[in-house]
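One chain, subunit A, appears in both complexes that follow, with subunit B as partner in the first and subunit C in the second.
Let's look at the complex of A and B:
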C-alpha cells in the first residue's frame, strides 16, 4: 500500500512539472462532461415534466380501452367490465373553453382509479371526500390558474354554459388540465353516463380476453405505452439534443486522448525507471488507473457543475421551443435527480478510461528495458492509412445502406452518424493524398521535407483534425438547415397569415357582439371567420380547420400541390386540403379519400391539395368553414381574421381593444403574430446553434492540445533542421504554414460534407422527426464565413505552440541530441 | 355480542379513512363523543321488527352496514381451509339517495382464503349509484365488481338460503354454495345489539347454520371443499366509543350443534367490554352477560410488525364451556387498507369444534 502511494506520488509529480498538460486534460474532461450532462439535464427535466403530465392523463402508463368508432361510449361498459372482474376505471375528457382559453377537462373516478395512476396523480387523499361529494372540486395547476386569470374557489363556466365546481390549486398538476370527478364532468359536458375511455389496472387479463361487445360497444385495447404522448411528440427534439451532446462528448474525449497520450509519452522514462526499481507491472497499471480515475472524478465533478450552468442557461430556450412546438410545459427552473450526477460522473470516468485505453494497453505491455523506439513510421503509417480507408469505405456503404433501407428517425440519425464517421476516417487518407501530391511537386530539400514532415505529423494530428472536420461539417449542416428554414418559413408565414388582424373572442356571445360591431365599420374590407376542431384519425389527434372561401386564402394558401379545381371543391364541402404531415403519415395525396367520424354523421372528404404546415406536430385538414360547422355543430366560432387596409390597422386594433377589453392574446395584428411565430422557431434552433458553437470551440481546443502534444514530441525532428542552420523563427513559420495548410484542406473538405449533412437533416431527419420537408438551399456567404471561422480557430490553436518554438532556448534544442531518444 | 361487527365496522370506517374519507371518520368520532344518534342518519333503537326479505337488502338511511360470511372448510383429504366474504357499505352523507355518481354510498369488499400454509386476500372499492356495487332484494344479490352473493331461487325468507358466493383475487378464487335448514338468528336482544356501556348499538342478525360446498382455488390448485359457514348482517349509524382501541371476536361451531358468538372490546384504560350470544340446539339465542365470559390470550405471533394473540383460552362457565383455541394459520393477516387479523380456528376442551377469529386494533 505504501509502495503504491509512493508510485502515485512519483507519477503525479509529472503534472507539477507540466501544469499546462494537466489543465488540458482537465479541460477535455470538463468540456466533455459539461456538454453531455448539460444536454442530459435538459432532457431529464423535460421527461419529468412529461411524466407529470402523463400521470394525469392516465393513458400513458396504464393500458386503456377505447371505442375506436366513437369519441365516447356508455358507462354501462364500465359496470359490465367491473362485474366481469376487470379492474377498469372510467375517464371522460373533452376540450373546453374557460375564460376564452382552451383547456382539457378531465373527469376521473378516484375510487377505482388504478393504484399506479392514482398514486402519481395529484389528488390529495384527504381531499377525496370533498372531491367526489357535491359540489366537488376542480383541481388545477397554479400556472393554469394564473393563465386563466382566476383565483382558487372561483366557479368559472365552461363554454359559457355549465358552472364548474370551485377551483382548487394543486401544484403537482400539469398545466392546461382541469380535473373533476367523472360525475361532474358528465354533467357539465352534457354527456350523462358517457365515458371517453377506461383505464385498466394491473390484471391477468389481456386484450384477447376482451368480449366482442361490452354493453353494446366494441372496445379496443390500447396497450400501455412506455412513452407519453408528449414524450413521443418531442422525441425528435430530444434526440437532436442528445446527438449534439454525444458529439460534443466525443470531441471532448479527443482532447483527453491527446493529453493522456502526451503524458504517457513523456512519462515513459519514469515508468521504465519505476519498473526497473522493482515496481510490478500490475501495481504500476493499478496506480495509473487510480490516477486517471481520480482525475476523471475531479474533471467530471467540475464538468457537471458546468453542465448545470449550460442547462440552466439553455433551459429558457428549450422550454420556449417545447412550448411553442408541442405545447409541452416545462417549469422554468432545473431540478436534477441524483441519477443525473451519477450518470455524469460515470460518463466522465468511462470516457477517460476509453480515451486512455490505447495508452493503458501500451503500459501493460511495456518492455522493461526497451531501446529507443523503432522508427519505421512510414510502413506503420501506410498500414494505418489503409485501415482507415477501408473503415471509411465500410461506413460510407453503411450510410448509403441505411439511407436506402432505413425508415425511421433513428435510421436518419444513423445515416448522419455513419456519414460523419466515414468522412472522419477518410480524412487522414485524403490529407495524406493531398500532401503526397504536394510533395511530388516540391523542389528543393526544405519544401520536400515540409511535405514529408506534414505527412509524418498526420497520425498525431488526425484525431484533432477529425474533430475539426466533424464540428465544421455539423456547423455547416445545421447552419444550412436553419437558414433554409427561415427563408422558407417567412414565405410560408406570409401565406398562412394572410389576414391583417386576428381575433379570438372569449366566448360565443362576445364573438357575436364583435361581429355586429365590425359590420358597422367602414375601414374593414372583409371578416374571415375561422373555426377549429379536433378529431382522432388512426389513433392520433388531427386538427380540422374551417376556412372561409375568400380570395385572401385562395391567393395565399401555401399549397405544395393541388387539383386544378381544388378551392371550388373545398368550397362545395366534400373536399379538403391536408397538411404535408398528415399526407406523409396517412400516405394520402391529391386524389385520395378520407373519412371522418363527425357528430353530424360520417364525413367523406376528397383530398384535393397538400399544403405546408411547418412546425405543427399534429396533422391538419383545411375544409370549408360552413361544411365544418354542419358536421361539427358544437365547434366554437370565436376566431376570425380581418382584412384591413394597412393604414387603418392600428386604429381598428385600438378601437377593438377599447370596446371589448381584448388582451394581446386575443387580438393581434399580422405583424405581431408573425414576429411571435418567428421568435418561437428561432428559439427552436437557438439551442442547436448554441451547442454547435460549443462543439466548434471544443474542436478548437482539441486542435490546440494535439499541437501542444506534438510540439514536445516533434523536437527530435526539428532539432536537426535547426542544427543545419534554419532559424527558430523560420522553423516556426514553417510549422504554422503546415498546420494552416492541413486545417485549410480539412475545412474545405468539411464544406461539401456539411452540405451533405444539411441534406440529410432536411430530407431525412426532419421528415421523420417533424413530418415536413424544407426546400434545400445553399448559402455561399455562410459557408465562407464558417471557413474563415475555422481558419481563425486553427490559427489561434497553432499560435501558442509556434510561439513556444520561436522562443525556444537553443539549449533545449541541443539537448535533443543528448537525449536517448 | 356485536363486537365482531364493531370490529368490522371500524375496519370499514378506517379503510375509508385510509382511502381518504377522513372527514367521515372524524365526523363519526364526533358523534360518538356525543353518544347520540348521528345527525341525519336513522337511529338504532330497541324493539325493531325485522322483516324478510326486506332486511336482506341495504338500509341506506343508516350510516354503515355489512354482509359478512365466514366458512370453515375441508377437502376430501381432510385438509382444512377458511374463506371470508365481506361487503361493506358506508354513506358519506345522510339524506335522500342521490342518483348516479352523485350517490353518497361507498362500497368496499374484502375476500380471503386461508390454508395451513397460505393466506390470500383482496379488497376492492366502489361508489354507489352506477351499478358497480350494490344489493338488490328480488332477486337477492349483493355484489361488488365480480364478487357476489346471490340467491339460488327459490330463496327462503326464513333461512336466507340457498345462496351462491363467489370472489377472486389475483392469486385465489372460490365459489361456494350455502344451504341452511334452520331459520335466521337474531343477535343481542331480539336483534338489538349493544356495543358499549354508553349505549352504542346496531341491528344484527346471523345465519350460523349455513353448510358450504364448492371449490377453493389457491395458486391454480383447485380443491373441492365443504363445511359449516356463518353469515352476519348488521347495520348502524353510531360509531364506536372514542376510548375503544380494538376487539377480539369469535364465532364458534360446537360439535354438538350449538353456536356461540363472543367478543371482547378493548378499552384504552386496559378494561374490556365482553358480550356474546349462545345459540342452543333449539335455535334459541341467549345473550351472555359481560361477567360470564372469560377470554385469555395464551400465545402471541409477530405478524406484519405487530404482536397479535393467536391462541386463546375461552370460558363461559354458565354453559360449561372451557376450550383452548388455535388458528389454522397464525399469519391470517388481512393487509388491507385498514389491516386486521381474520382466520379460521379450531378448539378443544370441554367442547371441540371450529370457528373464526377476528382481531383488530393491533
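Let's look at the complex of A and C:
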C-alpha cells in the first residue's frame, strides 16, 4: 500500500510541474460533465413533471374502469364495486371555460383516492375537511392561477354559470387543471350522480374478475400505461436535447484525451524509471487508473455544479419550448434526484477512462527500455491516416445504409451521428492532402518547413480540429434548419393568420351577442366563424377545424398540394384538407378517404388537399364549418376572424373592447397574434441557440488547450529555428498562420458538412419527430457569419500560445540546447 | 575574426547569484579551430550562447568580423546567426518534419546563400549520399550529427560554434566527427570554437582554451 501511495505521489508531482495541463484536463472533464448533466437535468425535470401530471389526473399511470360506450356512467357502479371489495375511487372530468380560457375540471373523491396517485398527497390531511365541506376548495397550480388572471380565494364561474369554490394555490399540481370535490363537480357540471371513470388502487383483482355488468353499466378495464401521452409527444424534443448534450460531452472528452495523451508522453521517462526501480507493471497501471478516477471525480463534481447552473439558466426557455410545441407544463424551479448526481459522476469517470483508453493500453504494453522509432513520422502518419480513412469510409457506408433502411427517429439520429463521425475521421486525411498540396507548391526553405511542420503537427491537433469541425457543422446544420423553419414559418403564418382581427368569446352567450353586434357594423367587410372539436383517429387525438367558405381562406390557406376543385368539394361538406403530419401518420394523401365517428353518425370525407400545420403536435383536418356543426352539434362557436380595412382595425378593436370587456388574450389584431407567435417560435429555439453556443465554446476551448499543450512540446522543434536566425516574433507569426490555415480549411469543410446535417435534420429527423418537412434553404450570409465566428474562435485560441512564444525569454529556448551552464 | 572582450555573465536565483563568466577575453582567427574545455558548470556553453547572440551578456563585448554582436537588437542577432554563424549542438536539433536534404539546405536557403555545388560536396564529404531522403529519426546519432554539421556549414559561415558535438557519440564516431568538422572548417575557411570535455578531441584542434571558475586559464 505504501508503495502505491509513493508511486501515486510521484505521478501527481507531474501536475505540480504542469499546472496548465492539469487545468486543461479538468476543464475538459468539467465541460463534458456540465453540458451533459445540464441537459439530463432538464430532461429529468420534464419527465418527473409529465409523470406527476399523469398520476395527478388519475390517468395513464393508474388502472381504471371506463364505460366505452358513454362519456359518463352512474355513480351506483362505484358503490357496488366498493361493496364487493374493489379499491375504486370515482372521478368526473370535463372541459370548462373559466375567464375565457379552456381548462380541465376534475372532480375527485379524496377519501377513497388510491394512495399511489399523486392527487392523494396533493390534498393535505389537514385540508381534507376544508376540501370536502361547503363551500369546499378549488385546487389549482400557481401557473394556472396566473394564466387565468385570478388570485387565490377568488370564486370564478365556469361557462358563465355555476360558481366554483374558492381557489387555493397548490404548487405540486399540474398546470391547466382545476381539482374540486366530486360532489361539487357533479353540481357545477350539471351531471348529478355521474362519473367519468373509476380509478383502481393496488388490488389482487384483475380485469378478468370484473362482472359483465356493474349497476347496469358495461365497464372496461384500462391497464396502466408506463409512458404518458405527453412523454411520447415530447420524446423527440428530449432526444434533440440529449443529442446536443452528447455532442458537447464528446467535444469535452476530446480535450481530456489530448491532455491525457500529452501527459502520458511527458511522463514516459518517469514511468520507465519507476518500472526500472522495481514498480510492477500491474501496480503502475492500477495507480494510473486510481489517479485518473480521482481527477474524474473532482472534475465530475465541479461539472455537476456547472450542469445545475446551466439547467437552471435554460429551464425557462425549455419550459417555454415545451409549452409552445406540446402544451406541456413544467414548473419554474429545478429539483434534482440522487440518480442525477450519481449518473453525472459515472459519466465523468467512464468518459475519462474512455478518453484515456489509448494511453492506458500503451502503458500496459510499455517496454522497459525505450526502443528506436521503427518508422519515420511520415510513414507512421501514413499508416494512421490510412486507418482513419478506412474508418471514415466505413462510417459513411453505415450512414447511407441507415438512411436507406432505417425508418425511425432514432435511425435519423443514427444517420447524423454516423455522418458526423465519418467526417471527423476523414478530416485529418483531407487536411493532410491539402497540406501536402501546399508543400508541393512551396518555394523556399521557410514555406517548405511551414507545410511539412503543419503536416507533422496534424496528429496533435487533429482531435481539437475534429471538435471544431463537429461543433461548426452542427451549428451550420441547426442554424440552417432554424432559419429555414423561420422563413417558412413566417410565410405559413401569413397564410394561416389571414383575418385582420381575431376574437375568442368567453362563452356561447357572449359569442351570440358578438355575432349580433358584428352584423350591425359597416366597417367590417366579413366575419369568418371558426369552430374546433377533437376526435380520436387510429388511437391518437385529431383536431377537426371548421372554416368558412371565403376568399380569405381560398387565397391564403398554406396548401402543399390539392385537387383542382378542392375548395368546392370542402364547401360541399364531404371533403377535407388534412395536415401534413396527419397525412404522413395515417399514410393519407389527395384521393384517400377518411371515416370519422361523429355523434350525428359516421362522417366519410374525401381527402382533397394537404396543408402545412407547423408546431401542432396533433393531426388536424380542415372541413367546412357548417358541415362540422351538422356532425358535431355541441361544438362551441366562440371564435371568429374578421376582415377589416387596415384604417378601421383600431376603431373596431376599441369598440369591441368597450362593448364586451374583452381582454388582450380574447381580442387581438393580426399583427399582435403574429408577433406573439413569432415570440413563442424564437423562444422555442433559444435553447438550441444556447446549446449551439456552448458547443462552439467548448470546441474553442478544445482548440486552445490543444495549442497550449502542444506549444510546450513544440519548443524542441522551434528552438533550433530560432537558434539559426528566425526571430521569436517571426516564429510566432508563422505558428499563428499555420493554425489559422488548418482552422480555415476545417471551417470550410464544415460548411458543406453542416448543410448535409441540415438536410438530414429537415428531411429525416424533423419528419420522424414532428411529421412535417420544411423546404431546404441555404442562407449564405449565415454561413459567412459562422465562418467568421470560427476564425475568431481559432484566433482567440491561438493568441495565448502565440503571445507566449513571442515573449518567451531566450533562456527558456536556450534550455533546449544546454545540458550544462 | 571573433573577438571577445571582458565578457561577464551571472545568473540570479532566489538564494544566490552565480557568476558564470567573469571578464572572459579571447580571439579566434579565420581558418583557426579552437577547443574550449572546462569542468561541468564552468560556463563553456554560456560563453558559446553569448557569442552566438542566443543570450545577452551583463558586461563586455563580442565582435564577429566587423559587427559588434553584444550591441545588436534581437532581430539583428537573428540575422547574424542566419548568415554568418553555424551552430552545432550535442542534441543535434534537426527539424524532424524535414528530410535530410531539406535539413541540410534549410539554413542556407533561409539566409539566401544556397549553393547547390557546395551542398553536394558537403553531402559527399559527410558520407550522407543515399540518406538524403530519410528523416532525422531514421538516422543513427552519428549520422544525425553529420547532418547538423552539414546544415551549419552549408551557409558558409564565418564562425562555426559547436557545443559538445560529440557528447552523444561513441569514441570512434566522435573522432570521425571532429576530424570531419576540422577538415571542413579548413576547407571553408571559417573559424571554429568547439566546446568539449575530451582532452583527446581538444588535442585534434589548433588551439585549446580552458575555462575554470568563469575565467580562462
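Everything below uses one rule, namely that the second predicted complex is superposed on the first by the 646 of 821 C-alpha atoms of A that agree within 3 Å, B and C clash if a C-alpha of one lies under 4 Å from a C-alpha of the other, contacts with A are read in each partner's own complex, and residues count from 1 in each chain.
Assume contacts are C-beta pairs under 8 Å (C-beta built on N, C-alpha and C of every residue); 3 or more make two chains touch, one makes a residue touch a chain.
Since the model is a prediction, treat every value here as computed from it, not as a measurement.
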>> Looking at A:452 after the superposition, I want to know if it touches subunit B, subunit C, both of them or none. Which is it: first, second, both, neither?
In response: second
> With the two structures laid over each other on chain A, which partner does A:82 touch: subunit B (first), subunit C (second), both, or neither?
Replying inline: first
>> Contacts for A:183 in the overlay, against subunit B (first) and subunit C (second): which applies, first, second, both or neither?
In response: first
> So, A:721: does it touch subunit B (first), subunit C (second), both, or neither?
Replying inline: second
> How about subunit C: which of its residues touch subunit A in the complex?
Replying inline: 11, 20, 40-41, 43-46, 49, 52, 54-56, 74-75, 78-83, 85, 87, 89-91, 93-98, 102, 105-111, 134-135, 137-138, 151, 163-164, 167
> Where on subunit A does subunit C make contact in their complex?
Replying inline: 373, 376-378, 444-446, 448-449, 452-453, 455-456, 716-717, 719-728, 730, 810-811, 813-814, 816-821
> Inside the complex, what are the residues of subunit A that reach subunit B?
Replying inline: 75-76, 78-79, 82-85, 109-112, 124-130, 132-134, 181-184, 186, 192-193, 202-204
> Can you list the residues on subunit B that touch subunit A in the complex?
Replying inline: 19-24, 92-93, 98, 100-102, 104, 106, 125-127, 130-132, 143, 145-146, 168, 170
